[in-house]
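Both complexes shown next keep subunit A, but they swap its partner, so subunit B is in the first and subunit C is in the second.
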Partner chain A sequence: MTFWEKIQEIDRRWIYLVVLLCIIIPLLIPFNSKTYVTEPTSNLYKKIDSFAGKEDKAMLLSFSHDASTMAELFPMEVSILRHCFERNIKVFTICFSPAAAPLMAYAINVAKEDYENLESGVDYCNFGYKPYGLFLPIVLGMGDDVSEAVDTDTDGRKIKNLEIMKGIRNYDDLNLIVDFAASSAVFSWITYARVRFGANVAAGVTAVMAADNYPYLQSGQLVGMLSGLKGAAEYEKLVDVFAAYEDEQNPDGREFSQEVIKNTWVPIMEKTISYTGDTEMQTDVELPYKFKQARIGMNAQSIAHIMIIIFIIIGNVGYFLSKKNNNEV
Partner chain B sequence: MKRQIPLIIVITLGFIFVAHTFIPSKTSVDFYDWWVSWSKAISPFAVVLGILSLFMVHGTKIQRKAPNWQYSLVTLAALVFTAFAGFAWGTSEGTPFMWMFKNVQMPMSATMFSLLAFYIASAAYKAFRAKSPQATLLLLAAFIVMLGQVPLGAAISKWIPETSQWILNVPNLAAKRGIATGVGLGSTATALKILLGIERTYLGSD
Partner chain C sequence: MFEIISNIVAALLTLFIFSFLYKDNPFYRFAEYLLVGVTMGYAIPLVYTNAFIPFVYRPIFLEGNFWLIIPSILGILYTFRFSEKLSWLSRYPIVFGMGIVGMGVPMSMHSSVLVQMRYAMRPIDNINTLIIFIGTVSILLYFYFSKPHKGLYGKFTNIGIWFMMVGFGASFGYTVMARISLLIGRIQFLLGDFLGLIK
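So, the complex of A and B:
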């Protein structure tokens, strides 16, 4: 048996071991890597940022997944919530799956830890878990009146009495819905909230689901999309570079600029945030892990992708050489 | 009668909701509001039915000491204890329910999902072969998209993420559109068949 034939018959447990090492080592020893921001991510960022400081505009985050897909979706949720809290954007959360309810509470708690003055019912509101049987009545009902369709929040308070509802009545005001899913749940929001009421809909999906959503992105039915851990890493970077940016001229963040994002990179493993353009900002504050977890995860994903490509190449070389040898014999 | 009454309900309500969608009027809105209140009342019964069904299936397994009955015991114990923790102390941060979610549910679910990485790597090595021109094309597209998805791709060349995006935006999109059109036409045909009473398999066999 030749070397290449042996390679063809390798025990799959060796492959599993290589996968394990390729994923664990970059997570334990993180390194800086650049993040290339794609258009669907920047479009979503710009849409959310356009609501900054407006009393009559709000967004709704719909959690349609369970803990199994947290590795990809949770960093997106935390990043978007952080963006809302940084830029004073009214944000609501809802879920129609009992498994998503604790995730939703957890994401809000993680994101708000660094913002002392945030108040539930004033700056954000968690509608909580609603049974899936009520999905359609709630989604359609919010087209007329949000406070009637949802009625109470997770703490049992009447929605209509909450301060956050000032200026918010229906999809004209609650104008953006971002659905986080590992399934095709976002299509329901497109069908009912987008088509019928003209609400803007965006998706935060696992990488395997992303390809299904491209037709809706191109048709404009999705205003933006975060795809998998890469989308989350891109959004983390955008929040760092714009929403969480602080200097004397821009104490509350700055506006999105394609030029700035092209020339800027944010090292995740140092305390200094560097700008490769004309300006360079030094900071003593190290970015907390929760705000850079997607970018650290992308290191592991980079190595894993390279490993899979190498596996495919070795597998194919072995296959063709073995075939050639067999033909010669 | 056993088949005719459900059939009449489905056909009548089906046409009413079609009318509600395409002919907005006060009557249709009032009917819709009435239906919403009913659907809110029906939902909790589904939960009760689900819990009863779970207890019956796993209870029988435990009683008969069927193979792997111990797992059924764990399932029921987890259900009872989680529900008790939720009712007794609530589900907010710092409660036993949230502790269990963070320390049991989250890691276990993530572990199950992460197994995918091992299977994909193994399948890529053992089965992804350039045996034909189509398979070779698929391989090349997979290489570019995989590299385009990670920072290393952009570090090698800016063309890699751009080509990756093109593959997703053009050939992938064309295929997805074709599938979506087929599914849409199929769904419309099935809906019409149900509305007109031609498709009756949902009523069961007897």
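So, the complex of A and C:
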């Protein structure tokens, strides 16, 4: 039996073991890798950032997934919430699945830990879990009046009495919906909120769902999209470079700039905030793990992808050589 | 203390599930059944608190909105699925549900057909729109079965197959990425939250 024939019959569990090592080693011995930001991610960032500091603009985050896809979606949820908290953007959260309710509360708690002055009902509001049977009445009802459609938040408070509702009435004000989904839930928001009321819809989806959503991105029905762990890593970087950026001239973050993002990269394993071209900007604060989780994960992802590509090449070379040998015999 | 216990339980259950990669075993099946049970056990009281109490019990029995008895009865008809003789009654709420779904058809047509068509009919002024044009037309013709796929026509429809193969490849690539991401998430939990090896 030749080497290539042996490779063809290798036990799949050896492949699992190699993939496992490819993931464990980069996580235990982390390294700095550059994250390039794609257009769908930067478009979503710009849209959210355009709401910064505005009384009459808010966004809604819809959590349409359970714990099984948390690895991909949770980092993007935390990043977007962090963006909102950094830039003083009113944000609402809602879910229509019981399994999403604790994840939603967890994401809010993780993101707000570093912001002492945030207040529920003033800076953000968790609508909580609503039964799926109410999806249509709520989505369509919010087109007329958000406080009528949702009625109470997760703490049982009347929405219309909350301070955050000042200047917020319907989709004209609650002008952006970001749906975090591991399914085709985004499509429902496009169908009912966008088509009927013209609301802006964006998606934070698992990589599996990304290909399905690209047509809506291309036709402009999605204003932006975060695709899997890569999308989360890109958004983490954008928040670091712009929303969480601080200096004497920009104490509350800075505006998005294509030039800056092109030339800046943020090492994740050092107490260094960023490199812009050759200029290095130092800081004493190390970025908390929760705000760089996706980028650390992407290190392992890159190594695993390279390994899988090598496996595919070896497998194909082995297949064709074995076939050739069989033909010659 | 609670965090330590919950991390130990989560880590054990993660390892039970991963043990399937070696071969099927009782630990894997225990974790699988537990997940189903816990999910249902968690959902039932949550739905009771967030759906039954505020939308059925409170309005009917405390606020006297008796007209809500009609949709409530309609909902109860679903449970007749379990009766052989009376299962036909469960079709009525399903019919009602289908009617509501029908309401979305015009809007779905708009978003998935009309708007997509409009963007597929844009002027061919760059390489991207040219690729979209060739891809759309060749795939549509590939699915036109009233003419045999032979000669020049057959060659053109073959281009459609290539476009679809690229699409399937992209989907498969994304699927691999997603599965690896989920594995990374679990390993991050085991090495970070559970063992404290990732800072």
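Couple of notes before you dig in:
Just so we're on the same page, the second predicted complex is superposed on the first by the 326 of 329 C-alpha atoms of A that agree within 3 Å, B and C clash if a C-alpha of one lies under 4 Å from a C-alpha of the other, contacts with A are read in each partner's own complex, and residues count from 1 in each chain.
Everything below uses one rule, namely that a contact is a pair of C-beta atoms (placed from the backbone, for glycine too) under 8 Å apart; a residue touches a chain by one contact, two chains touch by 3 or more.
The structure presented is a predicted model; accordingly, all values stated were derived computationally and were not measured.
When the two structures are aligned on the shared chain, A:Ser68 is found in touch with subunit B and with subunit C.
After overlaying the two complexes on the shared chain, residue contacts for A:Asp173 are found with neither subunit B nor subunit C.
Once the two complexes are overlaid on the shared chain, A:Asp114 sits clear of subunit B and of subunit C alike.
Contacts of A:Tyr289 after superposition: subunit C is touched, whereas subunit B is not reached. In the superposed model, A:His305 makes contact with both subunit B and subunit C.
Contacts of A:Glu246 after superposition on the shared chain: neither subunit B nor subunit C is touched. By the document's definition of touching, both partners, subunit B and subunit C, reach A:Ala207. Residue contacts after overlaying the shared chain place A:Ala101 against subunit B and subunit C alike. Residues common to the contacts of subunit A with subunit B and with subunit C across the two structures: 16, 19-20, 23, 68-71, 99, 101, 131, 133-134, 136, 207, 210-211, 215, 218, 228, 230, 301, 304-305, 308. Listing the residues of subunit A that touch subunit B in their complex gives 10, 12, 15-16, 18-20, 23, 33-36, 38-39, 66-71, 99, 101-102, 105-106, 109, 131-134, 136-137, 140-141, 207, 210-212, 214-215, 218, 228, 230, 298-299, 301-302, 304-309, 311-312, 314-316, 319.
Listing the residues of subunit C that touch subunit A in their complex gives 21-22, 39, 42-43, 46-47, 50-51, 54-55, 100, 103-104, 107-108, 110-112, 115-116, 118-119, 167, 170-171, 174-178, 180-188, 191-192, 197-199. Residues of subunit B that touch subunit A in their complex: 32, 36, 39-40, 42-44, 46-47, 91-93, 97-98, 101-102, 105-106, 108-110, 112-114, 117-118, 120-122, 124-126, 128-130, 139, 142-143, 146-147, 149-155, 158, 161, 165, 168-169, 172-173, 176-177, 180. Chain contact summary for the complex, subunit A toward subunit C: residues 13, 16, 19-20, 23-24, 27-28, 30, 68-72, 74, 98-99, 101, 128-131, 133-134, 136, 152, 187, 190-192, 194-196, 206-208, 210-211, 215-216, 218-221, 227-230, 289, 293, 296-297, 300-301, 304-305, 308.
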